[in-house]
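Read through the structure below, which is laid out as structure tokens, and then see the notes.
Labels run A, B, C and D following the written order; every chain starts at residue 1.
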Amino acid sequence: MGLGKLSFTALKGVFSKPATRRYPFEARPPIAKSRGRIHFDDGKCTYCSLCELKCPPDAIKVDRQGRVFAIDHLLCILCGACVEACQKGSLSMDAKHGEPWTEKQKLSWHTEAPPKPSGDAAPKA
Amino acid sequence: MMIENQPLETVEPAKIAEYAAAKRAGGWRLVQISCTSLADAFELTYSFDKDYALQNARVIQPREGAPLPSITASYLAGFTYENELQDLFGVRLSGLALDFKGQFYRLRAKTPMSEPHVTTKPAAKPAANPTPGN
Amino acid sequence: MGARTIIPFGPQHPVLPEPIHLDLVLEDEKVVEAIPSIGFIHRGLERLAEKKDIHEMAYVSERICGICSFTHGMGYCTAIEAVMKIDVPERGHYLRMIWSEMSRIHSHLLWAGLLADGFGFENLFMQSWRLRERILDLIEETTGGRVIFGSCKIGGSRRDIADDVMARLLKELASLEKDCHAITDTFMEDSTVAKRTRGVGVIAPDDAIALGAVGPMLRASGVASDSRSLGYALYPELSFAPIVEKDGDCWARTAVRVREIYQSFDLIRQCAAKMKPGPVDVKVSGNPSGEYWARLEQPRGEVIYYVKGNGTKNLERYRVRTPTFANVPPLVHMLKNIDLADVPVIVLTIDPCISCTER
Amino acid sequence: MSFFKKSPWLLHYDASSCNGCDIEVLACLTPVYDVERFGIVNTGNPKHADILVITGSVNEPTREVILNLYNQMPHPKVVVAVGVCAATGGIFRDTYNVLGGVDTVLPVDVYVPGCAARPEAIIDGVVKALGILETKAAALKAGAAEPAAVEGSK
């Protein structure tokens, strides 16, 4: 390597921005499409269990009668098949990655059935 | 998209070594050996390639009976595939140039792919328990 | 003649992030024989086809290997599409080709870094991986994942690339291509790299064919064989020629991969120029019945997906023959009569991907 | 987060991962993420290591290797399971050669979710493990007995 090229490289190193992202002190803005974590919005869910059917690692369990949605984030492979399957928009993909855990947890949500406008008895809880 | 033409011919188990030797002399390249477990036999496919043309040879090897002749005399590369056949499927082979005697793969169960195909979804999934709360 | 010693190499070894075990038989400093034994990360995912349906298997296929993940998904889908006679829309094919070339760039840069680390050129390792992060950012922006793309499905692509993202991608790729020259020039011209790679691990063209070498291994020995010439996806629409070197040593294999990085940049530009707006996928219904051997070119070489459907939603047989599996016999051949110090370099120049090999 | 008193060294082992998480663990050490800022060094020697980072689910041959590596590490030590395969077996837990997550063999201190886990997530996990490491170190200093070596049960 010639002396000219050597000094050019050295100067470039001195004046260019460092390549390092100073995570966790500064997080970079998330990329919109990033598949970070499945987000569940229990207000919209009708507990149809389509997501359970489509989930390749069987990380989602839905109890249609009891109106319970449960997801194991330590099984979820973040493929997004459930988000595509969800008709009501209650599942979405969060761009932020999941937190590390010290214990295994399964997250579940339970909602009371909304009052039916007509006829049918409310499903058993 | 182009769908490849993939001719398939049937070869007797005892003749496969000669078949492979002829292919080698003809300048063909060994592409792969695959195996499917059937109820009473193993369905093996040897694929060869020459100038981007694929030729498959199908061998039906009965579970019992004479061991399958190895093709490692003509294609040394066959030893990985043939050891795989031995370790995963339990196909018995004769004349292997490099025989690991079942030590090529380190497995929990012996010959785990030997059982024929079953289509069953496991009933009890060890997945999340739907318990209310949290 | 010295006494024979057996040195175990692996499974946990600083040179390789993945476990492979070699028993090296040594006579003084010379390796006289190498006996491989694999299976440390054998999962048995071919048998998973019995439990997961054909659409779920696309996700499983991607997870055969985290480096060539996109091509695994694409190969599986290509095989199923051939059995089911599904016509993927043109834009779907172009998107697949763009992503598969992007994954080739990221894989080759990753490998270049590992090789540099293998012969102790720490700085080059760091620089290669610094550039690789830029292509990963582009992959993340278009697919949402860094190493597992999750963008291929039976019948087309799961995502589209918007025009403004595409323009930005091409601009960034052009700047990345310029920056790549700094590291690839070092690989090609630096005397220390040449000292470790020239004339090491030579494999003759005849041996390469007889031992079943594929991909850059075979091309570095002077055999022009590139599965992209088979005409899967829409590769016949693009102009390209297999990259061939003639020496067959570690340096030639490095040169093939380095030149392929630039070829991939060119192919992405060609795809972007030819792409027209339109649908990216078709609806798939029914189950496959029949068999097909799909052959694709991965960063590491020719890969084969054999699918056999029996009309149910589960495949009867799913088999993957990955490039590293085919490159194990040439590796064993090359590891004869060499110095012990050259073992890591030779192992790395086949670009080993053990999780592919063992599935 | 405060600065750490020690410079923790890290040992990485791929139990039966698909390579995705391994590459991301390695990516943490390269310029863009650079965990060496925290004094973390990737070592190949278990006797120098404080943190055992395991990617991928456990199968029969790697079970012994993991136990061997873990028992060679000096106390105090922490285990970080990176990715969903290391946590539970992930999508591969139904396959014939997979035993399950790392916790079937070793006590795991931190689980990092993701498939593949991102470098940011891995850094978060390692930082969390450092906290646990300091607690364990303090307990050892205060006179707690060293935990016994983990035995493999067949």
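By our rule, contacts are C-beta pairs under 8 Å (C-beta built on N, C-alpha and C of every residue); 3 or more make two chains touch, one makes a residue touch a chain.
Keep in mind it's a predicted model, so treat the numbers as computed, not measured.
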Seminar exercise, completed: Listing by label each chain that touches chain C and chain D gives A, B
For this session: Work out per-chain C-alpha centres and flag the one nearest the whole-protein C-alpha centre.
Result: C
For this session: Name whichever of A-D and A-C has more C-beta pairs touching across its two chains.
Result: A-D
For this session: Please report how many Å separate the Cα centroid of chain A from that of chain C, as a whole number.
Result: 29
Exercise. When the C-alpha atoms of chain A and chain B are each averaged to a single point, how far apart are the two points in Å?
Worked result: 40
For this session: Between chain A and chain D, tell me the centre distance in angstrom, where each centre is the average of that chain's C-alpha atoms.
Result: 23
For this session: Give, as an integer number of Å, the spacing between the C-alpha centres of chain D and chain B.
Result: 36
Problem set entry | Residues of chain C whose C-beta touches two or more other chains | 39-40, 42, 44, 47, 51, 59-60, 63, 130, 133, 145, 148
Exercise. For chain A, which residues are shared contacts with two or more other chains?
Worked result: 19, 56, 72, 75, 77-78
Exercise. If you look at chain D, which of its residues touch at least two other chains?
Worked result: 31-32, 59, 61, 91, 93-94, 96-97, 115, 118
Exercise. If you look only at chain A, which of its residues touch chain D in the complex?
Worked result: 19-24, 27, 36-37, 56-57, 72-78, 97-104
Exercise. Hey, which residues of chain C end up touching chain B in the complex?
Worked result: 37-40, 42, 44, 46-47, 50-51, 78, 81-82, 85, 87-88, 93, 209-212, 225, 229-234, 236, 292-293, 295, 302, 304, 306, 308, 312, 314, 316-317, 319, 321, 325-326, 328-330, 358
Problem set entry | Interfacial residue positions of chain B with respect to chain C in the complex | 1-4, 6, 24, 29-32, 34-36, 45, 47, 52, 54, 56, 75-80, 87, 100, 103-107, 112-113, 117-122
For this session: Would you tell me which residues of chain D are touching chain B in their complex?
Result: 59-61, 93-94, 96-97, 99
Exercise. Along chain B, where are the residues that touch chain D in the complex?
Worked result: 106-109, 112, 122, 126
